[in-house]
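Structure, as structure tokens:
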Amino acid sequence: MEPQAALQRLKGGPFRAGNLGFAQIDHHRRLRQGLGEVIFGENKTIEQILAIATEAGVGGAPVLITRLQPEKSAGLSVAFPTGRANAAARTFILHPPPPLAAGTGTPHVAIVAAGTSDLSVAEEAAEVCVAMGVPCERYYDVGVAGIHRLLQRVEALQAATALVVVAGMEGALPSVVAGLLGRPVFAVPTSVGYGASFGGVSALLAMLNSCAPGVSVVNIDNGFSAAFAACQVVRAVWAASAISP
Amino acid sequence: MEPQAALQRLKGGPFRAGNLGFAQIDHHRRLRQGLGEVIFGENKTIEQILAIATEAGVGGAPVLITRLQPEKSAGLSVAFPTGRANAAARTFILHPPPPLAAGTGTPHVAIVAAGTSDLSVAEEAAEVCVAMGVPCERYYDVGVAGIHRLLQRVEALQAATALVVVAGMEGALPSVVAGLLGRPVFAVPTSVGYGASFGGVSALLAMLNSCAPGVSVVNIDNGFSAAFAACQVVRAVWAASAISP
Amino acid sequence: MEPQAALQRLKGGPFRAGNLGFAQIDHHRRLRQGLGEVIFGENKTIEQILAIATEAGVGGAPVLITRLQPEKSAGLSVAFPTGRANAAARTFILHPPPPLAAGTGTPHVAIVAAGTSDLSVAEEAAEVCVAMGVPCERYYDVGVAGIHRLLQRVEALQAATALVVVAGMEGALPSVVAGLLGRPVFAVPTSVGYGASFGGVSALLAMLNSCAPGVSVVNIDNGFSAAFAACQVVRAVWAASAISP
Amino acid sequence: MEPQAALQRLKGGPFRAGNLGFAQIDHHRRLRQGLGEVIFGENKTIEQILAIATEAGVGGAPVLITRLQPEKSAGLSVAFPTGRANAAARTFILHPPPPLAAGTGTPHVAIVAAGTSDLSVAEEAAEVCVAMGVPCERYYDVGVAGIHRLLQRVEALQAATALVVVAGMEGALPSVVAGLLGRPVFAVPTSVGYGASFGGVSALLAMLNSCAPGVSVVNIDNGFSAAFAACQVVRAVWAASAISP
Amino acid sequence: MEPQAALQRLKGGPFRAGNLGFAQIDHHRRLRQGLGEVIFGENKTIEQILAIATEAGVGGAPVLITRLQPEKSAGLSVAFPTGRANAAARTFILHPPPPLAAGTGTPHVAIVAAGTSDLSVAEEAAEVCVAMGVPCERYYDVGVAGIHRLLQRVEALQAATALVVVAGMEGALPSVVAGLLGRPVFAVPTSVGYGASFGGVSALLAMLNSCAPGVSVVNIDNGFSAAFAACQVVRAVWAASAISP
Amino acid sequence: MEPQAALQRLKGGPFRAGNLGFAQIDHHRRLRQGLGEVIFGENKTIEQILAIATEAGVGGAPVLITRLQPEKSAGLSVAFPTGRANAAARTFILHPPPPLAAGTGTPHVAIVAAGTSDLSVAEEAAEVCVAMGVPCERYYDVGVAGIHRLLQRVEALQAATALVVVAGMEGALPSVVAGLLGRPVFAVPTSVGYGASFGGVSALLAMLNSCAPGVSVVNIDNGFSAAFAACQVVRAVWAASAISP
Amino acid sequence: MEPQAALQRLKGGPFRAGNLGFAQIDHHRRLRQGLGEVIFGENKTIEQILAIATEAGVGGAPVLITRLQPEKSAGLSVAFPTGRANAAARTFILHPPPPLAAGTGTPHVAIVAAGTSDLSVAEEAAEVCVAMGVPCERYYDVGVAGIHRLLQRVEALQAATALVVVAGMEGALPSVVAGLLGRPVFAVPTSVGYGASFGGVSALLAMLNSCAPGVSVVNIDNGFSAAFAACQVVRAVWAASAISP
Amino acid sequence: MEPQAALQRLKGGPFRAGNLGFAQIDHHRRLRQGLGEVIFGENKTIEQILAIATEAGVGGAPVLITRLQPEKSAGLSVAFPTGRANAAARTFILHPPPPLAAGTGTPHVAIVAAGTSDLSVAEEAAEVCVAMGVPCERYYDVGVAGIHRLLQRVEALQAATALVVVAGMEGALPSVVAGLLGRPVFAVPTSVGYGASFGGVSALLAMLNSCAPGVSVVNIDNGFSAAFAACQVVRAVWAASAISP
């Protein structure tokens, strides 16, 4: 019980950041939240990313980098050959923990996606699970316009501890899923669509208006945050039980 | 064939309106479109409604009045004791045609509603069918958060010639219905909801972004226009076949 | 009547999809809805399109591919020399059914377009009719700012079973058309315009607020879905009569 | 020519306002713009209106009061028995100039309204003409869903010097009118409608996107400003010709 | 293990609803989701509410009724004297489970509210916890404009399993809270504010754009759904451990 | 008076268009509206523009082409060496009428622009005047943040028959101008600005809410339509007087 | 210098609030910000207001209450006879400091309002100055549609240390004022207007897009916050000079 | 006192601009507002910028150029070797005043930024201070998701005379800062974010709804105007005291 208390004090302790000049690394975050530095790669140069990742990965801590253009991902693979790149997800993980299989009874995250166009966002979510060391299962291409495809997977879905549900266009999938199950559903609207989809706003609004209770929503295309929340649920289960991997 | 030709000429003929001072009655509309005058009752006085209905109903033509407050509906029932009032639908029909049962094989309209709060709009749609002499079947309380309820009705729904699908909140029902069937789906978003439902806008956007082809959408709460379109489909079938009632 | 019943059971039967890894083909859809797989080509690679089209077209079923950039269309023409490419429509049809002329009395779809800038969307609608084996007639460049052009065509338009009406900017054409005729009007707002057209939103809103009953609306630039619905109307007529081609 | 010059100097002269404590009266405005003080009555008390109107009407200048609730209008009629009240327009004119008939060849304003619900806005426009001493002609209930009604009036409309065109819902009427004529069209969207009419925004957007050149637009329900502009056109004609009444 | 399996089969079983004419009761929902029928009371009559609650509460199942006006709440207290009314929350619980204290180490929900105006929504969340038998702790009036108030409570907040964070106006509280802790934060924007708060939309957008990962958002004023999700997290912990009360 | 009558009949006569396959030329429009075909050049190929311009310019009628990219303008200058190109305005006029100087007392249009960034839209308006044979005067760089610049020009502005006022950002200039003068003001919002200018929407809204009566508004960047309306005012003056050039 | 240091430490010290059960009073705020508790009265009961005001006013500290309905203001006047009520401003000040005249050279706030309808917001701003002990001068009814009225006051306005500029409709006044002067302008959009004013949004957007530098904006109708900021400027001047009253 | 009076007269004097053909330079602005010409460089050619800067810089007046692409900045550095370029800020200052250190007690501006992505806007603000000769201090990377970072800087921040607070995404930083301090906070929303950040609109709305009084807001990414206002506050302090540098 003593190390728990120490950890507790640590979590609330003063901010101790690694100062990099153009960025301050918060080495305590992994203790507080289960995942260390996450680098939003889209508008950073490869040099900036390398510098932050190196500093943040001191001691072998996993570092997740998201929204990577292919050439930056390639650069990272050269610099960190043992890192994990996922082209569909546009992510790279420095010091990835070993991926975990979700067996029967293992607390895990289910990632459910409506269409093939939502794949990139769903895969980003899956890589967050990898970076946080949480098992996950994928359920793709089960959109509501062919409802049979989802219904065939319901029994399997019932085993999940938390769900990330990804959909664009009319964003109806989270409502249907949450109506069938009893676990928290983190809904991710995607920018898939055109015209009155308004870059994902229509899907976002549909999810916020879900008639199924327990659906909560993150920003458009934000697979990262939804998976982060789902992993926090699994980690809460681990903290209270003996089932953690 | 000759009366057909005469009718054809009549349909395209010069506008011949009954002039009432504050409203001009188009006595040709019933020939052109299958339903005579429709009176939007919400902002009209009972006196105005009585005057227009009397003029429009000359010769026994059915006249539909929509968006009626209870006291106006009561006034109409007194003035026209043989008329048909529907409190839930907030409608009154002067000179209603006899309602028709939708038997096996009879071309008819299916009216599908997600929740009990959408009832008023769904009933307005049903009364339009009555006024246009088209049989209809009701399928209520089959929202997507409890998808089993809809799936139990699919076989029955396949008999419909056209469908009016009414839903508020996330507006997902038309996508699911259209994915299961092969008939035109006229979707009606309702203003049911609060907060980010924006008075029905979220449901409207979801329906416009339906991933199921063949879903077309009308204005928020406009059960009238959706049913009108669905009845036009049935009338097109009648025009081309011998099955009309 | 027996094969009808068998077909009926088939339509409601379990989902039987061809699994392609990155896409699941629903071979039952053509039975349910009158058109098999439709591939939204804009964000897919030519390799993905070829793979899906090949799988979906097994047995000679027509496959429609939309939103094709010119180079993808060229690639498809090389791969499928008997396919049908329409550059204006940005579509390709693998295994196109023979186009059908719309003679007097033949149930058909009328495609009405306001301006020359709306041509691409209108042609997409026309190709949907080809893919579904439904005759169609084109009425182009009949916008409301020169209302005489439309009025000269009214008599011809009265022969249509259903109408697809395409317009950008103020989106007024569907109201005028629906006021003159008695058939369902499927309105397609286009993104033609600038400034306060908001990429077609103004036209969309105008159409949703149509003062003519029976106008229903699809997403901006979605000629596909409007034509799909219009063809479903013609197919409903065929199903109930002996007039089908 | 000399009084012209004097007037010209006066128009550009220093601001000379009657100070009323809670409002400053600009007695020069009538010289500059052809209409003196206009009082927006909606949120003012009857006492405030009486005080401002009395001060502004010194010397017999016409004073227009708009957006009057019935009881305020009644109060004004008691206080100013020779004033002119128009219940439909919700206006009152103190010291109204004599109304003028629009004969053949007389420069005048045409006021065109789509539906009976737009009447109030159209009548406000008509009273502005009265207050500014400009003849006007009314063309009501000529909406686009029954286009014949407008076409029958085209010849008469061609005599107008400027047009005020009032419409709610899809706001299509100004486009059709401006396409038929060669005079400036001042379009007034009205708040008539529900759901996606957004209190007149849909009509406003449609008018701003008019495909007919020469359509300019004022705020929703602002019959006053549109008529003011139209009267300025007639006054420009008067200033340059000998035809003024 | 056998009853578990039976329960599992039950959860996925066919829909078995109590049919009430105007509402269908889903008696399986409590098994699936941990809370039986929830009645949105705002637009229902007291008679409807009594009927649904009676049917849904058969066998002593807890029934939550939300958005109750005072007179309806009074009516329910008369009809069900052992029920639990919360005036601030505008809720009533028929057959309330005994409330549970959140001791050290007990999995529980923390409800954090920014200002006194957000109290009603926060209390609705608290009553959901009561209805679902989950302990909760309240942290009220800790808005970001006086950040010291929140910082004093951080240590206590770290004991929570999941958090519901309620805020109006600029909606900044969830970001600050999620940055300090490592548990899932369910953010509830409230309609508190005026002008550019747009009825809670500004707070909603701020929460969706949270720079702290793991914040997920529900509809404006939807304390119910956020608490439902938070309780599902606690229930997931219970399901995997021996700590459930 | 007889040719007047003949012209009148002509104006209302049947639509007689030159059919070009992809475009129908309305040779009557110049009679009806004072300007023949106007070609929106932005999305047309140089070949299409040349074909339409050649057909529309038959008989030496002026043809205005707007929104021209430089290379298209160059192509037109080669094809039509006597045409008039204005690079700033992005326009070309085939068969331009001789430009007219606006002397004292000559009815003319004043074009007023707030900033140097609004120049392109203002110049488009000026070219419309040239194409319609109406004199115009330019008043540029007189924005409200340095109000002295406008006040120095007031006396000159009072000579105008109608005004086109062009402004971006806060769009305040039309209100100030209309408050100083007694002629119709056609306001053009421009897309100049960033952030919350929303591509000109803020300026558009400001103009629609002008507290100065007689301001009417056209679409964002639509210098064409505003100048067209202003020229119609001048033409109305010409029609009624002997002052036309 | 020592008490300064003590004060400085106090300002940053731990939060010491008076706990009232339903509200926590921050007695340090007056030291930090120059004004103690401000009570938003609109949705609080008179009992709540009395309790908070009594607690907050301990020791004679001024307490400002805003957005008061008349009956609550009356109740406060009875309870606190020496308090200061301003009906137009809808405010009440408990323990008001003596109002200060703004003489030549005295740092003060100028409050500038466009129209008589903006009076309420402007007066709220003035009362904030009173509560904070800062002199202010009023400049009302100087809207841009009669620009002479503002120009006559420029010399007086140049004496102000900071300005609060209040305007509805097109919101142009702050731009004109800031262009003429060299002091910070705090702009307050008001909800005055109708139709496309969208409850003050149009004025808000115009102010955010001001072409005059140094204009900053607060929420719609938020005279309180603008005056608070302006008083902070005057207090910064006092802190650095010997001119404070 | 006499030169003061002369200066005063000068400030209000007639507009005396240097006319450059395509731009009018207002040489009085520096007297009125403390900063001469500011050139928005984004859409101007390097030739235009050079010409305006040369004319505006006559006599050694500082000229600020903003929103410069790198190649334009390079061109300016060649043309004006003694000028000051800031690549991060995208600015150039011709004739920069010497930068000033902000010592204890010196009135100065604090520039506070939430994240590294907001750097460009924050640096633009800093360069405005340089151009206006006002000292400033930077506080970067102190976003609310790691609130400790801000709290460590509070004591230092209390020395500032005015603050510019820059933040994107949920825009919460200004509320927290203003709650801790007693100086005017000028908030700058940035376009940092994606999806429902709507290019900075979410941050803008959050700031307008700040629950901390004294926060005023400028346009998205408008570091220039916020710093301009903050410098005006410092200049007001200078004008009233002997502390100016």
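Per-chain residue numbering starts at 1, and chain names A, B, C, D, E, F, G and H are given in the order in which the chains are listed.
Simple rule for what comes next: a residue touches a chain if its C-beta (ideal position, glycine included) is under 8 Å from a C-beta of that chain, and two chains touch if they have at least 3 such contacts.
This is a predicted model, so every value here is computed, not measured.
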{"item": "Between D-F and B-D, the pair joined by more C-beta contacts", "value": "D-F"}
{"item": "Equivalent interface to B-E, taken from B-D, A-E or C-D so that over half of the residue contact pairs match", "value": "B-D"}
{"item": "Centre-to-centre distance between subunit F and subunit B (centres being mean Cα positions), rounded to whole Å", "value": "46"}
{"item": "Separation of subunit B from subunit C, taking each centre as the mean of its C-alpha atoms, in whole Å", "value": "25"}
{"item": "Separation of mean Cα positions, subunit F and subunit A [Å, integer]", "value": "55"}
{"item": "Of all residues in subunit E, the ones touching two or more other chains", "value": "146, 180, 195-197, 201, 204, 208-210, 219"}
{"item": "Touching pairs among all chains present in the structure", "value": "A-B, A-C, A-E, A-H, B-C, B-D, B-E, C-D, C-F, D-F, D-G, E-G, E-H, F-G, F-H, G-H"}
{"item": "Subunit B-facing residues of subunit C, complex", "value": "8, 11-12, 32-35, 38, 107, 154-155, 158, 161-162, 180-186, 204, 208-210, 213-219, 224-226, 228-229, 232-233, 235-237, 240-243"}
{"item": "Subunit H - residues contacting subunit E, complex", "value": "114-115, 143-147, 151, 169-172, 175-176, 178-180, 193, 195-198, 201-203, 205-212"}
{"item": "Footprint of subunit F on subunit H - complex, ascending", "value": "14-15, 17, 22-24, 26, 29, 43, 189, 191, 199-201, 204, 219-222"}
{"item": "Residues of subunit G defined as touching subunit D within the complex", "value": "116-117, 119, 141, 146, 148-149, 152, 194-197"}
